[in-house]
Amino acid sequence: MTVWLHIVAIVLLASLGGALWRVWRGPSPADRMMAAQLVGTGGVAVLVVLAALQDWTLLVVALALALLAALAAVGFVKAESPDGAGDPEETDPPEDWRTNSQKVPQDG
Amino acid sequence: MSLTIFALTGAALIGLGVYGLLARLHLLRRIIAFNLIGSGLFLFFGATGARGEILDPIPQALIITGIVVALSASALAVGLVVALAQGSGRASLPEDEDAEGRAP
Amino acid sequence: MSAALDLALCALILGVGLASMAGRGVFRAAIFFITYGLLVAIGWARLGAYDVALAEAAIGSGLTGVLLLAAHGRLRRLRAAAESLSRFNLPAAIAGGGVALSFGWAWFALPVPRAPDLTYALPQAGVGNPVTAVLLNFRAWDTLVESIVLLAALIGVWMMARDADWDAPLGLRYHARPSGVLASFGRILPPVGLIFGVYLVWAGAESTGGAFQGGTVLAAVGLVAMMAGIMRPPRVAQGAWRAALVLGPVVFLGSGLAGAALGAGFLTLPEALAKPAILTIEAALTVSIAVTLALLVLGPPDEGGQQA
Amino acid sequence: MTPLVVVLSLPLLTALSAIAVPASMRVTVALGGVVTTLIAALWLGGVVWHGGPVVLVLGGWQPPIGIVLRADGLAAALIVMSALVIAAVAAAARYEMAPTPAGPRASFGFWPLMLLLWAALNAVFVSRDLFNLYVGLELLSLAAVALVAISGTAQALASAMRYLLFALAGSLLYLAGVVLVYATHGTLDITLLGARVPSPVDALALGLMTAGLLAKTALFPFHVWLPPAHSAAPAPASALLSALVPKGSFLIVMRLWFEAMPDLAAPSALLALAAMGAIAVIWGGALALVQARLKLIVAYSTVAQLGYLFLVFPLAGGDGINQPWAAGAWTGAIFQALSHGLAKAAMFLAAGIYIAAVGSDRLGDLRGLARALPMTSFAFALAAVTLLGLPPSGGFTAKYLLMTSAFASGQWVWAIVLAGGGLLAALYLYRPVAALFTREIRVRPRAIPRAWQAIPLALAALAILLGLLSAMPFDLLQIGRPKPAEDGL
Amino acid sequence: MADLATYILTASGLVFFIAGTVGLIRFPDTFSRLHALTKADNLGLGLIAGGVAFQTETWAQLAMLTLIWVLALLAAGTVAQLVARAALSTPEQK
């Protein structure tokens, strides 16, 4: 079993290498981000395997990674939106999103 | 064997970071280079701390402290880069701008 | 077999490190750095340093990633994200190669390991996790100063605000479609993260976890909630938030001073009180770390106007 | 509750309070903390003077497990000097940083950052643990960089960024050395390292740590970040940055070369350190000579004045530690650090008053200001006396001690550097002093409160007093000096 | 018996991961790549977690494995949706 789990981990890492190639190539930012997401999922899988191999405590690390997996991607879609704070699902940017702020900036 | 692999990886990462820090002028890239140096250093440190029969917890604690300190410095640096770009439209230091600006 | 695994992992780490320094475009470099943090976290798992793996996964990959991507987005809108073509720079390569070689040499030149003997100290530390014992007891002064470093960085980041924006909420004005995927995600994740973060702090006394890791998880889910428009970022002027920022360091320093006042000594925890004292300090510290980290990543108040 | 604990924790506690309390109470809280800590610092100085070094074993854990703090005479002297400077800076900042004209942002940030910087300095001065010193240095650097950025101008932001790059590079170099030290010896304690089993890795570790600290101390050729950063900050912040911050990293260099690894102090390495210092004296002085703005002149003079500190290495380091002249050189360098701190803070605070009065620090705009601001201008001239090393100032004592050691040891070249540096200082300080004391007035100054004008005068007077009463600080500095030197006395 | 289940499940998990990576490399445009990716790797993670589940020693470990998979699914679903829309709404750029 130990040998097999080592093999699983190594093959998983090799598959991550493929995903990393897509991060390098792109071409669009979305491509890179999604490939990084695959690396994240694969990393969780590697940690799950290592948990069985080394110490079950590693499940905590895998859980933390899974919990934070979407953090970077959420930051990415925010940064990609026109004002850096939006959401690609908003069909029409709300007019009143600044209402809680005290001043309306002057564009120029 | 494994420890040597990690230690040498750490050494190579430090070197990579030093290269990036000196060769790349975009400040965001330089911030990443700093993080790479720090991380390589910690990896090296972690490998040295695992040499004994039992894992030495002191390097681990120091590394956790170091990771938090690195994040603090990175956050301040990122804030400075953005503020600098807001004021000057550039994300490199004034003295580096000629070199940066000449490129296609 | 185990060496092959480590070799594969280190090859990936090195490749990703190289990719984050080479090539053109800081966006790609930032994405590579996110995957780098993840792979290094696996590396720490292989080295048996589980607390470090947790910290690296949460801080190195998670928070630093958002920080870099958000910065890149801002720079792109300021037309400052472009990077010139990378050229090979020989002096820099020589310097980098020299540093790498000297560390490589140092590894082989190191004498036999000489770790301090903790066998007598650990049973008196109050906690079973030796890393937590070092952080909160043996080297508590480091940890206290480190929590202050975070705070200093936050004040520094706030100094980057434009004066006109000073009274505005921190960061950008995040908004999202109220019934959209992001908003739903922002509602589901925080409760799970809250429980997990608290678990990490509580578990950190005896096994993997701790105040910094737990605080980072809390900060991360708080950020998701804010980016999803569920939670409103605070303003600098809101006293309750500033109190939350300093709570942990104040409790930490206060307990240290209490030790000095009661004759035990500065930052000294009597063995009988060590565990409850450490858990109290960690609880307060977690609140402050979570708030500080979240606000650090959020950045200074920014209404998006042009610089005067 | 020992004074050392108070000196360490009170600035921290005050900084935390200054962050948390409402804006209306911030300055009061901060000033209360400053006054109390100043008293505690003087108390600590007295305790060390009468009772010898104060040692604090944190948590009761002896190294290599725990961290030990130790206030010897050197640390106590620097703590007292910092407390005096910060008290003056805080008094001046009451006028400059709260709440107008600096704006709510700057006045929010200045007080906590100043207090955090102070806490970091005190922590660095007494720490005996190399990693703890790293964390302290990081706090010092981040607070200092934020203080530079406080002005918010594009130039200040670029200077702060450059400063941060150097500071972070310095931190990582230092940390790299610390990692090697722990990996080699299993301890980070300076005292334990003094008795370590030498290893070939030590030289690399010491080299890395020293290089990093030199970048932070802005020694030539790592000085390029300092003048723009120090001159871009608001004047009270400039005073902190120039007078105090470089002393933190310099002290660690001294601890490393005199206490942790004195056996590695080969003559060539000591010579290299002093040579960089000598070039800094000349180069910094030459560049100060061609500046048109007062703050830049004062900032370049910091580059030059820091250079003197490094003459201590060949005069008192290595084998020289057992020579009779070592004590003089060692004490002279510390006197230089102390008197430069007091005088430089006085100069920057005076510059701040001039900027408040005429809205500029161009030498042309300062002409004739001595008549409108006599106390401030007299303070500037008095501080210049110290930087020149004229009697009876503290700077004179410093340079006299270094000079006699240079003659005694036969290392004439350092005496030439001392004399040449003094000459250059006379030239570059003559220009602002002459402009201030000329008869014609170029710009009509705004009225400045007399109490504010008196602040730099107090500091400059202290710098003179340091020379007049040099016996007392001299004795204090001998307490807890590195052992081998005591035999040489 | 438990070991056999582990072998089979983890091997199938690997197949899905490899398929996802091959899709990521081979598919011609961003959207088909997105499509291939999110399904394959989450199924892969589920299978690997399922395989490892047969080796667990306590119920808590089993619960944690489940939670890991659920969270990964949630993250992947959200991320795929958001990134795809972001790619739609922003013009092609470097």
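We just call them A, B, C, D and E in the order they show up, numbering each chain from 1.
One rule holds in what follows: a residue touches a chain if its C-beta (ideal position, glycine included) is under 8 Å from a C-beta of that chain, and two chains touch if they have at least 3 such contacts.
Predicted model, so just to flag it, every value in this text is computed and none were measured.
Contact with both chain A and chain D is made by C. Hopping across touching chains, the smallest step count from chain A to chain E is 1.
Steps from chain C to chain D, taking the shortest chain of touch contacts, total 1. The interface with the largest number of contacting C-beta pairs joins chains B-C. Centre-to-centre spacing of chain B and chain C amounts to 14 Å, using the average Cα coordinate of each chain. Our note on geometry: chain C versus chain E, Cα centroid distance of 27 Å, whole angstroms.
The centroid of the Cα atoms in chain B and the matching centroid in chain E are 31 Å apart.
Shown for chain D are the residues in touch with two or more other chains, namely 131, 135, 138, 142, 145-146, 149, 152, 157, 176, 183. Residue positions of chain B touching 2 or more other chains: 14, 21, 44, 48-49, 58, 62, 65, 69, 72-73, 76, 80-81, 83, 87. Residue positions of chain A touching 2 or more other chains: 16, 26, 29, 33, 60, 63, 67, 70, 74, 76-77, 80, 87, 89. Looking at which chains touch one another, you get A-C, A-E, B-C, B-D, C-D, C-E. Those residues of chain C lying in contact with chain B across their complex are 2-3, 6-7, 10, 13-14, 17-18, 20-21, 26, 29-30, 33, 36-37, 40, 43-44, 46-49, 51-52, 55-56, 59-60, 63-64, 67-68, 71-72, 74-75, 78-81, 83-89, 91-93, 95-101, 103-104, 106-107, 110, 113, 115-116, 118, 130-131, 133-135, 138-139, 142-143, 146, 149-150, 152-154, 156-157, 160, 162, 210, 212, 293, 296-297, 299-300, 307.
Residue ranges of chain E in contact with chain C, taken from their complex: 67, 71, 74, 77-78, 81-82, 94.
Taken in their complex, chain B has these residues touching chain D: 14, 21, 27, 30, 34, 37-38, 41, 44-45, 48-49, 58-59, 62, 65-66, 69, 72-73, 76-77, 80-81, 83-84, 87-88, 93-94. Those residues of chain D whose C-beta lies close enough to touch chain C in the complex are 1-2, 5, 8-9, 12-13, 15-17, 19-20, 22-23, 56-61, 64-67, 69, 103-106, 108-109, 112-113, 116, 119-120, 123, 129, 131-132, 135-136, 138-139, 142-143, 145-146, 149-150, 152, 157, 176, 180, 183-187, 197, 199-201, 204. If you check the complex, the residues on chain C that touch chain D are 102-103, 106, 109-111, 113-116, 118, 121, 137-142, 145-146, 148-149, 151-153, 155-156, 158-163, 166-167, 236-237, 239, 242-243, 245-246, 249-250, 253, 256-257, 260-261, 264-269.
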